[in-house]
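So, here come the structures, one by one.
In the two complexes that follow, subunit A is the common piece, with subunit B as its partner first and subunit C second.
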Partner chain A sequence: MIKRFRRKDSTDRKGRQTDQKNKSMTTLKESLEENIAAFQNIFSKNETLIIRRFQNKYLSAAKCCVLYFDGMVNTEILNENIIQPILSNDLTDKISSINLLEELQYKVIVSNNVKIVTDMDQIVSSAVYGDTIFLLDGYAKALIIESKGWKMRSVDEPESSKVVRGPREGFTESILINLSLVRRKIVNPDLKFKFREIGERTRTKVCICYIEGLALESIFKELEQRLDKIQIDGIIDSGYIQELIGDAVFSPFETVGASERPDVIAAKLLEGRIALFVDGSPFVLTVPFVIAEASQSAEDYYNSYIFASMNRLLRMSAIILAISIPGLFLAVTTYHQEMLPTPLLLSISASRQGVPFPTVVSLVLMLVVFDVLREAGTRMPTPIGQAVNIVGTLVLGQAAVEAKLVSAPVVIVTALTGILTLMNINLIGPIIIMRFFLLFGAAFLGIYGLIFAFILVNIHLVTLRSFGVPYMMNLTSVKNHNGQDVWIRAPWWTMTLRPKIIAAKNLVRQTTKRKKGK
Partner chain B sequence: MYKEQITDREAISMLLLFVIGSTLIIGIGGDAKNDAWIAGIAGILMALPIILVYSRISSLFPGKDLFDILTSILGKVFGKTVAVLYIWYAFHLGALVIRNFGEFINTVAMPETPMLVPMLCLGLVCIVAVRAGIEVLGRISTYLVFPLMAIIMIVQILAIPELKPNYIKPFLSQGIMPILKGGFSAFAFPFAETILFIAVFFSLKTKRSPYKVYFSGLSIAGVLILLLTIRNIMVLGDLLGRLYFPSHVAVSRINIGNFLERIEVSVAFVFIVGAFVKTGVCLFAACRGIGKVFNLTDYKPIVIQTGLLMIYFSYIVYDSIMEMRNWAFKVYPYYAFPFQVILPLVIWIAAEIKTRKKAKQC
Partner chain C sequence: MKRTRMLSLVIMSILNILLLAGCWNYREVDQLSIVAGVAIDKGIHEKYSLSVEIAEISGEKESETKSKTITVEGKTIFDAARNAISFMGKKLYWSHAKVVIVSREVAETGLVDILDWYNRDAETRGDIHILVSKGESAKEILSRKSTTEKVKSFEIDKMMENQKALSKTSPIEIWEITNELAAKGVGAISAAVDLEKSDGEEVPRVLGTAVFKGNKLIGFLDADETKALLFIRNKLDGGILAEDIQMNGIVESVSLEIFKSKTKVQPVVSNEEIKMKVSVETTVAIDEIEGTFNVIEDEGRKKLEKFAEESLKSQMENLIKKVQLEYGVDIFGFGTKLREEKPKAWESVSSEWANVFKDIKVDVNVKVHVKNSAMLSKPLEVGD
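Here is the complex of A and B:
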């Protein structure tokens, strides 16, 4: 079904694409006014296009014109380096007017990047990307002068993953700044960048970044193939691409990683992964992605390995607990009461006195309420936040218990699972879905149902692959440095090899193994 | 077509779970009473030579499963007849395991729930796993074997206060015969049931792997079963022979400081995981066999049908739990003997002759 829809869609889109091409098929003429008219035609009804005609006062042949979009260019560059030299200098004593355009390019215009171009498509696309087009009367060519200069957010600490220890810079919305952030961390000619454009209307710049000699060619080719297949009108954020190139279409789990931190991306590149920068998005994608990465934090690698391993273990067990605690509570209190010590059982049953709903209903209710509060809190303006906090904690917690809508242990279980879920920010979605799945298993057959649901989740995870790499990679293996960075973070002096499978080409990370304490 | 491949470790985990699966809950060597552990050792010793035969058959034909081997050495007609017998054996064994699970849940946990419900759950989980392929079954075994071993070990340690070593005496009070009988039943269930793994080991990487997998898997499983049998004897004493699910009762006796008590659900976890892998392997073998006999290109489209039939067959296979116990200890060893010993020996001899001949011709 879905395939059929897709095919229909893509033919539609092709039709639209050819329309667009016909419009810009005109070629440059020799006459300046005709060229300007052509551009006015292409950018008709676009009032941000600015056309500035000017002429050198000594050389009347130098009738020129610059075209640019208001707000996209740095006007200082435009005024001082392009218009002013041509306007006020005496061009006649410097230049023979035989090949004026090239002479201007070589001797007059002050800019770091100037190209002579005849291809109309290229001219149009660089104009909309913030470059200035320079036209000269009598030439069927144009100069593209780099003058990009729009306002950008500065490099500051990413909100989504803060650290106490470690670099505090985060990616911005500009792809070039993002690339420079990574480039500065890996000063090596082997770091390669490959650009392409995706999105027929947005023409979003996308850059595949990898370290030659570390990244596997098979994965690189697979990534390129999947990017080739994308036929979408626009890419606004890397999330679009993340979903379009992901392996498991019907899974809540992400098979493509995303990070906002240059240090994380640099580390992943060094492990042999491939990064994908998308213009306009501060989130950089990495492939292949395995589930162990979801609970790795940048800080793990900067703190002492003992402390980091403890945190890692806490986070990993938080995943298991966050999905199983509500189900376990339900199973034990409704099917296997004998497992509880008698005093605890008595207090639980006492607190349930007068509560009208069965445990499973109140659990589902409270879990949904928690997720509602979480979702409300995420996008809420800060001043309103306090109100929601008070309503959430007091009204829905305390008051619900006192009004005998739910029992106190249910509230405790909900709060505990909520906190445990937040320990792994990257996995919130899958954890919530798995938790409800396990809860229904437990409601159906007690702890046996819980185990069945757990096995089913495991089967699903085992079948997942990210670009050919098993999603559950290395979770149970300790041989050959496979488990060095999964449940614990091994000390740096023992991590002499890169993880296998991902960087099968060059495993050696440290050549000499340092002895303990030396 | 994509070739499925499992590593030695996955195969060992699978074999381990397969062997300890339903054995843990039903126990072995019921006849021998407090000498059941000696019967266990006897069973392992009896199993060793036949395991050697299985490994030999498997390593003579690397990359081929049981049904390929049968047709290639016994000819098309006779080979397929024997293949049908093995399909029946796998199908029946899977149904028995599902039924064991159903009886277990019905007896100890949910007497009022219709038995079909838990059996259907187990069966459906197995169907999902087998449809995903043997690789998935192997990988999931490696993931499940760790919590399982941890639980067994923890429970074993917690049971120490309950152990009464004098229950194990007197040795050999009823002579050698009950031990041999118990040993034989332990040989048939569970050790020699691993014959079905010949249908799985086509996916192993190297030629030597079957030996390694069979021997390490079986020795770990044997040691675990022995430990658990000794624990059950020491905790339960005379009661052992009279209980349907001795491990369950033995573990329920554990009580640490009035806080950690009645942890028999841990046994249920081990049992479910074991039963899942065992049924999964049986279902896989049956489906693959059916696929081979009817010359299907892939076995996956018939998994759902075979699985549902297996569940339904398990529903009607016994009338009561007494019949199940009687079958498991009294009849099953003799019923399974041809599948576990006679046919493998025939296959082995034929295979040796065939490969020798081939070697001479070359």
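Here is the complex of A and C:
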């Protein structure tokens, strides 16, 4: 059904695309004024377009003009390196004026990147991306002078994944800065960058980055194919692409990874994964993505392996607990009271006296309230956020128990589950959905239902694939080097091989000899 | 059309899973009245009278555990248990019950009724203690005030759990007595409980053992006999041996704490005659010396060991004689041992084991090792 929708959509879009092309099909003329008029036509009703005409003092033939968009260019470059040299220098002694445009390019304009172009499309897209267009009277050509100079957030620590130990730089919204951040970490000509544009209207720059000799060609090809199929009008964030190239459309689980940290992306590239940089998004995508990556933290690799393994185990068990604790509590207190120690049963029983709703209802209620608070807290401006937190956690929790709306154990279970969920921030969505699924299983059938629901979740997970790689890869295997980086983080000296399915081209990560001196 | 059929099939199977599967028993905790313990008496109007102790916590901030005892009668035990609804509205919840106290009268007419329901019902557990009340009424035991716990049944349960350090009664759980009733060559026993005066008030005390013939109660053993019984049954994990020791005409007492005890029962068959060899090996420590005898040095210790051995031996022999003469029930499990080790000999006597047991010869050997003398290495010295 989905496929059918897609096909219909794509024909629709093709129609629009041709439409757009017709509009920009005009070519450059020799007359400066005609060219300016042409541009004014293309960018009509766009008042950020600035056209500056000027002429050299000494050479009257040098009638020229720069076109640029206000706010997109670095005016310093424009003034001092382009306009000023042409305007005030005596060009007559330098220039023969036979091929004035080229002479200007070679001898006068001070810029790191200047191109002579005749293709109108290219000129237009460069102009809107912050380059300056230089037009000279009498030439049916234009110069594209690089002068990008918009304001940009600086490289600072990413809010979404902070570390105590490890590099503190995070990606920004500029694709070029992002690429340089990774480039600096892998100083090797095998690191390849392949650009393309996605989005018919936004023309968003997207860069596929991989290490030649490590990344599997089949995965690379598959990725390109999937990107080819995207026909969307705009890409605002890498999240769009993440969803468009993902494998399991109806699953709450992501099959494409995303990270804000250059060190993480560099490490994933070194494992043979392929990264996808999207301009305008500080989140870089990686494929293939397996579920074990969701609970890996950058810090795991910088801390001592013992401590890191402990943290990893905590995080992994937090996933299981976060989805099963409310269900387990419900099953045990409403179906299997014999499983509780007697004093606990007595106190749970006492706290439930006078509570009007069944345990299921109060659990669902409290879990929803927690998610409401979480969601409100994320969007709220920080000063208000604190007030919400206090009202939500203290007042609501305490008052709900005292007003006998819910029982105290339910509040404890909710709080515990909430905190456990936050331990794996990458999986927060799936965990919440799975938790309700397990809770309903337990509500209908007790522990039997809980296990039933858990098995269903597992069946779903083992059917998932990310670019042909099993989603649950290595989760149950300790053979060879498979389990080294899943439930624990093995010491670096033992991790001599890369993950097998992902980097099948070159598995050797370390050539250090093993301890036995083989 | 095909899709509708597929969809209805899926919905049907999901409904079936939800409605037909095992766990139908949804109930909120506050709807249960949690039974802590039960006393079973002969009813006045009906066959049985069930006194159920219900544990509950009340109070908001400073919660307080309380217990209530209600008495219901019924034709059968289960009938009585369900009749509770007409008294209190809630269903009794049995999974957390800790003790069953059976009155002497009921125990004398047979335990099968009680044990059957207790083993058959899904909610009741097999791992709870069974006691027989020495006095007339079992209800009395539960209605007495408790000292350490708020709930009397929980207190009795603690008494049974901690018998390990005392060994003056035989803590028997429902499943054990059920097995012993069914097994050939061993008689069933259970713990006994009685009311005793303490500080002018009658409080329950767990002491001694009830002896059953078949499933009917025929008598009780006192505390010391119980200890001897536990020695022979190899069920003794601890306790105190208070021994009188005679030296140069003076009698003084020494308390020995049992650390480890192992009993081997070996049937010896020779010329159609069956003899049992009971060898006890127990490790003790001196924990109290009432006097100045040096029982720690080699010579004194040897003497102490000998005294202990002899007194233990005579206790056991007396017990065996008493059981053989008075009860004629093999509560020591000699028959089981014989069946395990000499199956052929057992087969020839199994049909008349009760008679054979009565005049079986038992050879008791006791070995006592004194391990240490706790924190002091000498007796206290008394100067002028």
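Throughout what follows, the second predicted complex is superposed on the first by the 511 of 518 C-alpha atoms of A that agree within 3 Å, B and C clash if a C-alpha of one lies under 4 Å from a C-alpha of the other, contacts with A are read in each partner's own complex, and residues count from 1 in each chain.
Here is the rule we use: a residue touches a chain if its C-beta (ideal position, glycine included) is under 8 Å from a C-beta of that chain, and two chains touch if they have at least 3 such contacts.
From a predicted model like this one, the values you see are computed outputs, not experimental measurements.
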Partner chain in contact with A:476 - subunit B first, subunit C second, else both or neither: first
First (subunit B), second (subunit C), both or neither touched by A:385: neither
First (subunit B), second (subunit C), both or neither touched by A:335: both
Touched partner set for A:445, first subunit B, second subunit C, both or neither: both
Partner chain(s) touched by A:213 [first = subunit B, second = subunit C, both, neither]: neither
First, second, both or neither for A:138, with subunit B first and subunit C second: neither
Touched partner set for A:463, first subunit B, second subunit C, both or neither: first
Touching both subunit C and subunit B, counted on subunit A across the two superposed complexes: 335, 338, 342, 444-449, 452
Subunit B to subunit A touching residues, read off their complex: 9, 105, 109-110, 113, 117-118, 121-122, 125, 128-129, 132, 136, 139-140, 142-144, 146, 258-259, 261-263, 265, 268-269, 272-273, 276
Partner subunit C, residues of subunit A touching it in the complex: 333-335, 337-338, 342, 345-350, 352-355, 358-359, 444-449, 452
Residue numbers on subunit A that touch subunit B, as the complex places them: 335-336, 338-339, 341-342, 444-449, 451-452, 455-456, 458-459, 462-463, 470, 472, 475-477
Subunit A-touching residues of subunit C, taken from the complex the two chains share: 17-18, 21-23, 25-30, 32, 34, 55-59, 63, 65, 93, 95-96, 98, 123, 125, 154
